[in-house]
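Heads up, there are several structures right after this.
Here come two complexes built around subunit A, the first alongside subunit B, the second alongside subunit C.
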Partner chain A sequence: MRKNDKLWMIILFCLFSLMLLASPAFADASAVAASDGHAWWFWPLVLLIVTFIMGVVAVLAGVGGGVLFVPIISGFFPFHLDFVRGTGLLVALSGALAAGPGLLKLNLASLRLAIPVALIASTCAIIGAMIGLALPTNIVQICLGATILGICALMLTAKKSEVPDVPKADKLSSMLHIYGVYQEASTGEIVDWKVHRTPMGLALFVLIGVMAGMFGLGAGWANVPVLNLLMGAPLKISVATSKFLLSITDTSAAWIYMNKGCVIPMMVVPSLVGIMLGSFVGVRLLKIAKPGFIRWMVIGILAFAGIKALSKGLGF
Partner chain B sequence: MAEKENISLEATPEQLLYAKLLEKGMYIGLLILLITFGLYAFGVMDPYIPLDKISHYWNMNVNDYLHHANIKAGWAWVGMLKYGDFVNFIGIAILAGITILCYAAIIPTLLKNDDKVYAVLALLEVIILTIAASGILGAGGH
Partner chain C sequence: MPLKKKIRDLMIPIDKYASVFPDATLKEAAMTLRASHCELETGMCTEAGPRTVLVADENCKLLGILDFKCFLETLIPEIAGGLSAKLSALGVSIAFAQADAEALDESRLGFQARVIKNAETKVRDIMLKVRGTIDADASVMDGLKKMFRNKIVVLPVYEGDKLVGVLRDTDLFLAVTDVFEG
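== the complex of A and B ==
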């Protein structure tokens, strides 16, 4: 890690903690909230610290911050699921906005692949958000718990293929000119890629969009397997396009949550700062960390959070 | 439209334009969000919901929150920008809105390249995202 980066991160983290602690109400004895016995700044500060750790872990485990945020924050923090989902979408959106421009410039994220997929996913994310906000909270909790457990199963079983074999591009992808080339940085090899099974892939993005909007989870966990394993895009192109795709899918759902009133800045800003700073640190820790162990740890935490969401929804 | 034989390692002009705009919007949105949050948390601007009362609201569902705090949903926050908490919505709206601008910006380039199918898809995306942002899809509680 460069000295300057370290310094900036420490400064930003300290400044942020200071913002919360130096607020006028901090010094005031009446700042102690009646609802849970903690001062008002307690939970935002814990949120900042937890999302920072989440940002580090998410990078090391190769998952998006959004998929960790909603189950963990809704399971262990006093915030209502409505606000957690709204914040979760903005967290996933910010991560995608931060990564998107670089990935597009490097031509790793493919705009041609993303545009048709995003149109379907973002439209369905609106529908998902509206369904999620119309359903009773306990039903959403149950569905969220089941989805999180499904994600754990997917993480345990899904394989990845660096450059899948695509014998022939399908008619739709040929018509839409969805193909490209990229240079593999480690070997210098030029990889020529195309996709197949596009109609089936697009159909699956209906489901992915609905789930992203309904639970505010982001959808990288589902985007990558569909783009890589089903449609046959190389892993690098799939991961990069998926990350960029979130900036579009989550935009549509985020607006629905925002317009419904599910955004509380005191939750959103510490979460965004925490997860972004955590991601910076995570990227730098990748060289020395053991991603295998961390991935198992994340699956364990997610499984626990999924069971907690289920039990909350079922009223146990 | 680019033919397969002419595929380049470089990103297409519309992809680069999209990336540039997205990057600018992201930085502007984040910067504004950090500044406004500073104004809010340091008490430079008075919040609509006092800081020591905020924890009474975040465990309510959104309907109860809006009702008890007497807040209107949708774009009503624009009329409440004098408050420290609501001024944060400027940065959030920029982050959530920049994608619409990016899509709108690439349409002329797509048309110039005679890429009509993608121009139509981009236009449809602008319409979808604008509808979502407009608040006409059921803002005001459920």
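== the complex of A and C ==
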């Protein structure tokens, strides 16, 4: 990137930050933060530290940042669920946007697979976001709790298949030209892949899209099993396409939250910085060791957060 | 007088210069550059061989240029790449780690495997734009001005619409320093 491009990016970032800081949502958040007896910087600092740790843990445990962010911040912090979901979407989005170009360049994220799925998932994410913001908070809280417990069950039970056996591509996937080739870098082997059960997969993306928009969880936890286990895309392609898919799905839903004033810079900026820095550190740590207990610990925390969300929603 | 020479007297004729098609892989381009660079190095040891490869289509229309930096930035982006390449590589690693599939992350492969994989990149995706050309009958001073104003190290040389050679900063250096030899 040339120096001028970098300079323009910094200027645009500063202008965007100024616009957000000048928004009424920012003023509201400052007022709320100041009124709870803490200095204005208290909660952003706490968020920065917590999300940094979350970023490290997410990478070590093999879960997405958004999946950890929404349950934990909504369960244990005094922020309204709408703001947490809006921020959660942007947290998930930041990881997807950081990875997207690289995954496309490596020819791992498949546009042929991503585009039809993204069309459905992003449309449903918009609907999900609208439903999520229209429903009473306690109902959303109950649904969120149930979803988090479902994610825990999925994390405990879901298996992965590196190159699933797809005997024959179905008609819809052939019509949409959903197939591809990639080279396995470790062996040099050329892997031809195709998918099956496309109608069922696309139908599930309706649900995934609605849930992604409604809860701001990101959706990698659901995308990968559907693409890999149900539709039969190789794991590498599924992971990469899922991440790329998030950048489209979450952007669609994020607009709704932004439009409703649920994206507060006081929450978003420290959370994004924290989670990204944490993820960078996590990746470095991962090259040295991967402590197995962290995944179990995360499942435990998520289960606790899910139960807490349920009890909050049910008013216990 | 050395500075009265024309560009055509200094340039490397196009048939002696390395060139590849835009759909060639980086590996093919690298092998072409290695061959021409080393060939000229051996033959004309005081004048360095080409440090760039031209990218041209079937009609000999020049589309771009590849230099050593392009090669290294693509082959080892985690070291030679810019900030965005490094962040992009980190983003990919995070994506695989968060999906509990870090073993599939190609950045964990050995150096050789990564270089071989990255060498499959198509030339058209990384080639540099041609920033300026020069006429074969132009003077050395014109060549110097164009090269320094455009901050480049090679200038494609044209005769009318036909690409006839390449002028390098090495050639201009030799032309200018010829004044010391009287």
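One rule holds for everything that comes next: the second predicted complex is superposed on the first by the 279 of 316 C-alpha atoms of A that agree within 3 Å, B and C clash if a C-alpha of one lies under 4 Å from a C-alpha of the other, contacts with A are read in each partner's own complex, and residues count from 1 in each chain.
Everything below uses one rule, namely that a residue touches a chain if its C-beta (ideal position, glycine included) is under 8 Å from a C-beta of that chain, and two chains touch if they have at least 3 such contacts.
Treat the numbers as computed from the prediction; the structure is a model and nothing was measured.
Student: Look at where subunit B and subunit C land on subunit A after superposing the complexes, then choose clash or fit.
Tutor: Subunit B and subunit C fit side by side in the superposed model.
Student: Considering only the touch criterion stated at the top, classify A:Lys290 as touching first (subunit B), second (subunit C), both, or neither.
Tutor: second
Student: By the touch definition at the top of the document, which applies to A:Gln183: first (subunit B), second (subunit C), both, or neither?
Tutor: A:Gln183 contacts both subunit B and subunit C.
Student: In the overlay, answer first, second, both or neither for which of subunit B and subunit C A:Pro71 touches.
Tutor: Neither partner.
Student: Is A:His38 touching anything from subunit B or subunit C once the two structures are fitted on A? First, second, both or neither.
Tutor: Touch status of A:His38: first partner only.
Student: For A:Val239, decide between first (touching subunit B), second (touching subunit C), both and neither.
Tutor: After superposing on A, A:Val239 lies in contact with subunit C but is clear of subunit B.
Student: Classify the contacts of A:Lys105 with the two partner chains as first (subunit B alone), second (subunit C alone), both, or neither.
Tutor: both
Student: Is A:Ala58 in contact with subunit B, with subunit C, with both, or with neither (first, second, both, neither)?
Tutor: Touch partner of A:Ala58: subunit C, not subunit B.
Student: Specify the partner with more touching residues on subunit A, choosing between subunit B and subunit C.
Tutor: More residues of subunit A are touched by B.
Student: With the superposition applied, I'd like the minimum CA-CA separation between subunit B and subunit C in Å.
Tutor: It is 7 Å, taken between the nearest C-alpha atoms.
Student: Using the superposition on chain A as set up above, list the residues of subunit A that contact both subunit B and subunit C.
Tutor: 97-98, 100-102, 105-106, 183
Student: Note which residues of subunit A are touching subunit B in the complex, please.
Tutor: Per the stated touch rule, the residues are 19-20, 22-25, 28, 30-36, 38-41, 43, 78-83, 90, 93-94, 97-98, 100-102, 104-107, 110-112, 115-116, 118-119, 122-123, 126, 130, 133-134, 137, 175-177, 179-183, 190, 192, 247-248, 251-256, 258-269, 272-273.
Student: Quick one: which bits of subunit A touch subunit C in the complex? Just the residue numbers, please.
Tutor: Within the complex, subunit A touches subunit C at residues 1, 6, 58-65, 95-103, 105-106, 160, 162, 183, 185-186, 188, 220, 224, 235-236, 239-240, 242-243, 279-280, 282-283, 286-287, 290, 295.
Student: Which residues of subunit B touch subunit A in their complex?
Tutor: Within the complex, subunit B touches subunit A at residues 1-2, 4, 7-12, 14-16, 18-20, 22-23, 25-26, 29-30, 33-34, 37-38, 40-43, 50-62, 65-66, 71, 73-75, 85-86, 88-89, 92-93, 95-100, 106, 117-118, 121-122, 124-125, 128-129, 131-133, 135, 137-142.
Student: Which residues of subunit C touch subunit A in their complex?
Tutor: 82-84, 87-102, 104, 106, 108-109, 113-114, 116-117, 120, 125
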